[in-house]
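The two complexes that follow have chain A in common; it is paired with chain B in the first and with chain C in the second.
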Partner chain A sequence: MAQVIKPEVDVVVVGLGWAGSLMSIELAMAGLTVRALERGGDRGYEEFAYPKPADEYAYAVRNKVMATPAEAAVTVRYNMSETALPTRKWGAFAPGTGVGGSGLHWTAVLIRPTPTDLKLKTYADEAYKPGILQEDMRIMDFPFTWDEIEPYYTKFEHICGQSGKTGNLRGQIMEGGDPFEGPRSEPYPLPALEDTLNSSMFAEVAKKMGYHPFPNPSACVSRAWINPYGNQIAPCNYCGYCSKYPCLNYSKASPQTAVMDALKRMDNFSYEVHANVLKVELHDDKKTAKGVIYRDAQGNECFQPAKIVVLSSFQFCNVRLMLLSGIGKPYNPITEEGVIGRNYAFLSNGGSTLFFKDKNFNPFATAGATGQMINDISPGNFDGPALGFIGGAKIHSSQATGTPISTSLPKGTPAWGTGWKEGMEEWYGHSMKISITTTCQSYRDIYLDLDPNYKDEYGYPLLRMTFDWKQNELKLQQYLKGIVGNITKELNPDSYSESFLPMDAHFDLTKYVSTHNVGGAVMGDNPKTSALNKFLQSWDVHNVFVPGGNAFPQNFQANPTDTIGAITLMAAQAIKDQYLKNPGPLVQA
Partner chain B sequence: MLLQKKTTRRKFLLGSLMALPVGTIMMKGLSAAQAAEMAAPDLLDYKPVFFSPDEWQFIMAAADRLIPAGGKGKAPGALETNVPIFIDQQMHGDFGEEIYMQGPFNVHAPATMGYQIPFRPQQIYKTGIRLANSWCQQNHQKDFHALSDQDKDNALTQLQKNGIRFADMGEESLVASQFFGELLSDTKHGYLADPIYGGNKGMKAWIAMGFPGARASFTEWVKQHNVPYPLGPVSLQGARA
Partner chain C sequence: MNKMKLKRLFIANALLLGTGLMANAQADDANNAQLIKQGEYVARLGDCGACHTVAGKPAFSGGLAINSNLGTIYSTNITPDKDHGIGGYTETQFSDAVRKGVLPDGTRLYPAMPYPDYAKINDEDMHALYVYFMQGVKPSAEQPPETDLSFPFSQRWGMRFWNWAFASDKPFQPIGGASAEVNRGAYLVESLGHCGSCHTPRGLGMNEKALDSSDSDFLAGGTLNNWDVPSLRGVAHWDQQEIVDYLGKGRNDKAAVGGEMTSVVENSTAHMTDEDLKAIAAYIKFLGGNPPVPAPETQKTSATEAKLTAAKNLSEGERLYLDNCGACHFVTGKGAPGVFPQLDQATIVNAKDPTGLIHTILAGAQQPSTARAPSTLVMPGFAGRLTDEEAAQLSTFIRQGWSNNAPAVTAKDVSEVRKTLTH
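Moving on, here comes the complex of A and B:
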């Protein structure tokens, strides 16, 4: 096929979600010509005017703003000896597509990991006697200090209009915030969202039990906000359509609301949609990239030359593009050589659903991030070493949605017939959840590579996940079951049902967990165990930067977006301050 | 709106409704919700676009048992809310095009690996209905729709629990519970989705539950704890009930 050669740009950005839009605006503001290529379609405000998103069937059931499995499936197997099977329908996770990416449909819980989460390996070595932790665990530290990354968390949180309660301001613990959070250089930009009934009930009981509840930190803004790029974000009106929906009130920070308006006005920025990047083209010496090859909306094969290539698509796609392009050596789980695909991690959830006959929770009156949580059970804040596992969870009562198809019914309610119908009428709006979102460690034989059997529509291999639960994570689940059980009993519901992983659980692809898939092209200090340095620069191909959840060496209990924003902004700053002056490796191995 | 029925009155009402701004309630003495309900086709007059007449009888009869009319509360049944129309409209549309359909297929994969069926939902329905009717013929000498309510419930339970063995009937790619799962979830979706998709006629399922639909603004309500919300639902097309 003839190739259409595009005019060279300074930077080509692959994928226009949070990482791609932040990288684009930061580099465009530095005067570079930036061209973004997005696999999906454009998604502008007009598509999300009220009442269009208030449609549970279209957005939450039919996944209207997600990538389809037909175009973005991965394959999954539990261990190295099995044949992986494709995710023909989404279940456990559902990545976004189009302008905004997963930053459009996210629930907007905007929370930082703790300093211990970022230095988990150091903590493990100090706190755990040898032999306590699983031999096949491969946790690592993030390759920067808290003080290095903190300004970028602050910057991203100002871009989003983070709403919440400060817990630690420059070392001073603040009442009502999270006492376990790392020291903040500045308080939260905006006050917390309002509490719904379940949040208040949970917070009261948790406090009574000696825990430290605080409002879910949120990027659904609680007040009108003008961000550092000059974009205006409207105050949340608790519409009830948040997680999986674009925001009909423009209140949830997204690449659209927080970045794209300002970015689109810049003459040195352009973007193309339905532009499916197939490969990064390298120079013969494999030390630098020439640009990217993509298929445009008309089916033409195009070459976009660029001095810098930013891979900022979803975590899976970034890892797959590196493997398809020969950037870095693929990971081999037997020899443990190679780095691309290494340290994949997902996470688990679970919890308790509590039913109260005499309480109206009005579950539709809510924001996705509404809720209260405790961080008391995160690494370093409880006696993990005595319990024989490492990790933890945020435990929270949120009310992310109140739409009818997602209604919970008490145990024993029939799945159909008169009993089901009566159950829906009796119990809708009368339940609340206490949920866990857990850490997930990385392991020698949990990894990503290219699938030998299944291909995409262009004939390229799908990405293959080898993933299953390990004893460490299952022990953690069982411990959390006890804690959630105690809080549940204290709340004294009429009835409740529990969902936790038993010790013999396998990864279940049919039940939605989250789309917090991480790792596979991780950041680190050592090129033998990491794909990227701390500026998200490929160790092997120095003009390729790979911002995204792919850079996390394991998964922490905090939601990933705050960290994806922070590391992306740190990388953008390093490109502007250092790389442009002296192109080459920014960290000497 | 893909509904096929083309009565002049319905076209007029629908056209007028779509032009209404949210908040305009009264139209010639009818509430918008009443008008919308009138505009929705009468299920018995509806001509399915995807299902054959035999299949349609099965869908009507199965939906009626999965969400029956009557019972203790005020919640309507699947037939009162046009659920079969929803299912027909979905199957007629792009439903299932999002599924990754490249082989090879391993239909014996553990259930935790999710959807590994070599069929789109449309084929699951066609196959499932044919085999379910065939089982009913063998056991009751009647098609499903002609069974007593008790026998229908029993047949549905057998589908749900794989008591009807599709493999014994020559179908190796699909088990009965997979067909039942599709049927049940689509039936519930038709009952609970916005009326724009052809089901939830008159938003009656929402009214019964107390769900306010697409109102989507609760700034003053989020702080009022344990107070029942007083207003009825609004649909995507601006109908109120």
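Moving on, here comes the complex of A and C:
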């Protein structure tokens, strides 16, 4: 097929979710010509105007705004000796597609990791005696200091209209916020969302037990907000359609509400949808990229020349594109040489569902991020070293949705038919959850590579994920089970059910956890153990930048989006301030 | 002039002599570029693009169909193309077309072209506009359809009498005693802004009843495509900044632009400088004599709010409001500042003719993207969700809830508006 050669641009951006839209607007504002290529379709306000997204079956069950497995399948196995099989239906995670990407359908918990989370390796070396932690654990520090990254958290939180309570303002601990958070240079832009009954109950009990509850920091905004790009975000009306849904009320910060309208006005920015990038084309010396090859909506193979290539698609798509393009050396789990695919991590959740006959939690009025959480059980805040594992969790009672299909019913209630309906009538609105979202460490033999057996429709190998739970994470789960159990007992429900991983658990691909997949092309100080430097620049191909969850060397208990936004903005600033003046590696290793 | 000054001047001239010519040429270029820029701004003030630019066609190449009561009038090509546009016009001929509605060959324009307002454009702006259209606009050989009205309106010579009766060739008259800002606003509104073409009631000859602020009919409101066009003589509910925001951003803390005004904001007012927007707002406030803001009916407002919050024993209109509108406009009817329009006390809600409200409910609305406010948030149309009877019940509730106090809407009213929807 004839190749269509496009006019050269300064920057080609692959994927138009949070990372891609932020990169695009920041670089376009600096005067560069920016062209974004998005695998999926366009998604404008008319598509998700009220009340269209209020359709649980279409969005939450049939994954209306997610990539189809045919577009984005990975193959999965527990360990290196198995043959991986492709995902044919999303289960544990479900990546988005189209303009906005996963940033369109996120729950919008917008929270920072702690300074310890970002320097986990340093903490482990200081706090743990040798031999306590698993020998095959490969955790690393993020390659920047708190002071370096803090302004970019602040900037992204202003872009999103972060709503919540300040816990640490320039070192001063503030009542009602998270006392474990790193020092903020500025308070939260907006006040917290309103509490629901369950979150008030949880907060009260947690406080009595000596914990430090604070409202979930949210990008479903509590007040009308105009962000630094001039875009408007509307006040949340607590309709409960957040995770897996585009916001029908324009109240959730997303690439659409926070970035795209301002970006689309710029003459030096353009984007093409249904443009499926297949690989990055390198110059012969493999030191720089020429541009990208993609298939357009008509099936033509196109070449888009560019001076800078930004890979900003979903975490595992970025890793796969690097592998397919020969950017950086693929990781070998036997020799531990190579970096692309190294340090993949997912995460686990779990918790307890509490049933109260005489309490009405009114789940119909809620937002994805309504809730209260504690950060007391996260690295450095409790005695992990004595317990023999590293990590922690945010423990929270959230009321993220009131949608009927996903309503919890007491054990023994039939899953369908008349019995289910009766159970629903009796129990809808009478349960609350206490949930955990855990850290997940990285390990020598947990990694990503190209699958030897399965290919996509263009003949390129699928990405293979080798992942299973390790003892460290299972010990953590068991410890959290005790804590959640104590809080549950204190709340004294009529009955409750629990869900935690037992010590012999395997990764279950079929049950939704979150879409917080991280790692595989991580940022670091050492090119031998990381794919990217602290400006998300490939150590090997200096005009390729790879913002996304792929850059995390392990997973922390905080939701990833705030950090994805912050590191992307830091990288964009480095491109503007340093790279344009002097194209080449921005960090000497 | 004393010797010292002369001497300095001489030396300066001598120094400049070598490069003088070039400097002059550069200065001319710079002047010209400046003039073109100024003219472009004047064209924005006059919203020339609204009628003379059609989406998908070259800028100012005309062809917009304007449905008048007399038939369809097509806008003309005003690019500097010699054969299809205005490339052959002298400045005087151009000025006569804009200010008097007379073409070089004597053809009289229909007043769909607001020359009765443009008559007040000053010479400086007219010159800049001419330079812009001759040098800043790309010529286009696009030939728009001919306007062909039925007899007797096809007799353009008749326009001579219309002009004699209704137009004026008086230049802009500053308002004695008013501030420079108010007078700048008056100039913009009365001339280039041609705000009177929609906001001044029309007389027997479809003429604007008044052309300047000396007459109380001027900007006193009217109707356009059955929408009530609000009076601009005292916009009591908005302060000066809210008028500035509305024109500059297409939205303010109480309202978002809708109907025909959307394109005016998008193409014209959003491009105005802050100073000009402030001047217009100052003039509008001046014109109305700043009537006091009516106090909200607190008791009635809280009663509506309480009933919607309790959501018990709702009328059909109240229930429809909660199910369809409450998500954005809330039980308070106050919407959200800068994002969702306020329904309580809104002009469009309380208008005598409910067409604007019904149309917005059925067809929805979208905020225009402007440099000052890029978001294009969409209010969906509910035509497919609500029957005529339901839309009538809903409109009636909105027009009578909170502090609002307007007559009920019938299913027939809705049905009439529904017929006019284009899709």
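The rule is simple: the second predicted complex is superposed on the first by the 584 of 589 C-alpha atoms of A that agree within 3 Å, B and C clash if a C-alpha of one lies under 4 Å from a C-alpha of the other, contacts with A are read in each partner's own complex, and residues count from 1 in each chain.
Just so we're on the same page, contacts are C-beta pairs under 8 Å (C-beta built on N, C-alpha and C of every residue); 3 or more make two chains touch, one makes a residue touch a chain.
As the structure is a prediction and not an experimental result, all values here were calculated from the model.
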Partner chain(s) touched by A:Thr418 [first = chain B, second = chain C, both, neither]: first
First, second, both or neither for A:Tyr50, with chain B first and chain C second: both
Residues of chain A touched, compared between chain B and chain C (which is higher): B
Touching partner for A:Asp383 - first (chain B), second (chain C), both, neither: neither
Touched partner set for A:Glu175, first chain B, second chain C, both or neither: neither
Touched partner set for A:Tyr454, first chain B, second chain C, both or neither: first
Chain B versus chain C as contact partner of A:Cys239, first or second or both or neither: both
Common ground on chain A, meaning residues reached by chain C in one complex and by chain B in the other: 50-52, 235, 237, 239, 248-249
Footprint of chain A on chain C - complex, ascending: 324, 326-328, 330, 336-340, 364, 366, 369, 371-380
Residue ranges of chain A in contact with chain B within the complex: 50-52, 54-57, 61-63, 68-70, 73, 76, 83, 85-89, 91, 194, 196-197, 200, 235, 237-241, 248-249, 359-360, 362, 364-366, 370, 402-405, 407, 415-418, 420-422, 424-426, 428-429, 453-455, 506-510
Touching residues on chain B, where the partner in the complex is chain A: 22, 65-68, 70-75, 77, 97-102, 104, 106, 109-117, 153, 156, 160, 184, 187-189, 192-194, 196-197, 205-206, 208-219, 221-229, 234, 236, 238
Interface residues, chain A side, partner chain C - complex: 45-46, 49-52, 223-224, 226, 229-235, 237, 239, 248-250, 257, 261-262, 264-265
